[in-house]
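After this come two complexes, each holding chain A, first together with chain B and then together with chain C.
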Partner chain A sequence: MNNVPLDILDEKRRIALAIRSAVGKVKGVSLVQRPMVGASYPYNLDVPGVWVHGPDAKGRYGVIVSIIVSGMRISEAANKLRSEIWGELDRRGYAGHVTSIDIRVEDLIMAV
Partner chain B sequence: MRLFNRLLATIISLALIFGSAIGTLYLIGVLARLPSLTSPIRRLFTPLLALSASQIGALLLAVSLLALVLLILEIRPFRARFVLVRDDSQGMTQISRPDIERCLSQRLSKLRAITSEGVDILVHGKQFDVSANIAVSSQADLGQVRAQVEENIKANLESIGVGEGLRQISTRISRFKRAA
Partner chain C sequence: MGTPQEEMKKLKSQGPGRTMIADSVVAKIASIAAREVPGVHDLGAPAARVIGGAISRITGAPMPVGVNVEVGEEEAAVDVNLIVDYGQAIPEVTDRVRQNIINQIQSMTGLRVKEVNIAVNDLFFPQQQQQQAGESEQRAA
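Moving on, here comes the complex of A and B:
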């Protein structure tokens, strides 16, 4: 196994924590833990359900967020969550470090 | 199809296990000089010795073809676990396919004349390409049920906010078979 520099791990952790904070602000959406093949981050139990992968050649990261949506239209929930995440990353100064936010809806809990 | 693959894999595995066990027993018999162990095994394979070279070749070819069929069935691409509903520079939005199928099935089974055991929904492709196999009671009007099913699928995909991704719905409706 290759050694990953500590600053990369720390940056991934900070991005994941920012995402967790953003998810907490969207009603009807919660994180769900899913193991991903080759994922280095989710096995750090700080933020289950968030996989920060990378960095690429430009030092930027990609993010996959696994969520449960309850009682809400998926497209509406995903758009709201994505904009909340970008806002939170921007506030914490990480927006420029992230290339994309992929949202995976793992479960639909229908309230109706 | 998965059932067929499993059946084929089970048959081949059992044949290999049986062959290995026989081979091991024969080896033990030879090493321990136990004719009581080797002679029944030799008798078991006597008919094989009577086969000609072409017959043995045909037998091996048949086994190889069977294994090849199994290999092809197993390595062909299976349906993706997620359905893509949005993809742009900001990122993708995907939904778990089994979850959509479960959600649509649950809602369809609430319709009149349809039971939960009779509904089988499959979502294909990156966009929604839904096929529904529905068994209905003998009194139901099939045309009406078909229209109702398609309407229900559209409305439910719409209600969870993914109606735009729907490409086509193919519906197969059959009458419920009751035990006499």
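Moving on, here comes the complex of A and C:
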């Protein structure tokens, strides 16, 4: 069995940090911070709510982002967030290292 | 602005990746949409409300009581249990609840609502509440 090279862990961390930065730019969206009871929850050590998995045979990663949406439509929020994440990854030079960004809406905060 | 389905298609063509919406999110929308309709006193059977409240306190995660949902990638199905105010026309109330749930879920999530099944579990009598309030005041005094 091969050891996991440190640069993979570092690359995952950098991708996760880029995603956290992108999430911070979208108003009404935040990352899930609390663990769910009874669920095996995808957490990055540095960025809760972001799970960078992989790499695959071509050295690319998949990403799952768990978010809470407040005060806006879910489709609109996910739309904006995905664009922002791809933009941020592109700016930091990681877009080619990521195959997909899955967005998981875990909660909704509504003003009633 | 297109229909929710068109927007969902557009969303999916934004870049590689899927959008998944948790059951609890759709249940929350359905719960609020049902409560918005005049004539709906509350959701869930009395026993379910007690159990649901206890579970929410233990887990810390607010789970809407009286609503069950099944969410797929593009569709959702909703089951709702209602307590209706006495004197209201139940078929009219349930029709309005069904329509409001469909509208809200479709506009907020882009999911197509396949079915909304409604069960009216109880009727609420305002006199009953006044009587209970009176009894609890007597006990406290």
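By definition in this document, the second predicted complex is superposed on the first by the 95 of 112 C-alpha atoms of A that agree within 3 Å, B and C clash if a C-alpha of one lies under 4 Å from a C-alpha of the other, contacts with A are read in each partner's own complex, and residues count from 1 in each chain.
Note that in this section a contact is a pair of C-beta atoms (placed from the backbone, for glycine too) under 8 Å apart; a residue touches a chain by one contact, two chains touch by 3 or more.
Quantities reported herein were computed from a predicted structural model and do not represent experimental measurements.
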Fit-or-clash call for chain B and chain C when the two complexes are aligned on chain A: clash
Partner chain in contact with A:A16 - chain B first, chain C second, else both or neither: neither
First, second, both or neither for A:V47, with chain B first and chain C second: neither
Touching partner for A:V26 - first (chain B), second (chain C), both, neither: neither
Touching partner for A:D107 - first (chain B), second (chain C), both, neither: both
On chain A, the residue positions that both chain B and chain C contact, one per complex: 63, 73-76, 78, 82, 86, 100-108, 110, 112
Chain B residues within the chain A interface of the complex: 82, 85-86, 89-96, 99-100, 103, 159-162
Residue numbers on chain A that touch chain C, as the complex places them: 34, 36-37, 63, 69, 73-76, 78-79, 82-83, 86, 99-108, 110, 112
Contact set on chain A toward chain B in their complex: 63, 72-78, 82, 86, 100-108, 110, 112
Chain C - residues contacting chain A, complex: 4, 7-8, 10-11, 14-22, 24-25, 28-29, 32, 59-61, 107-110
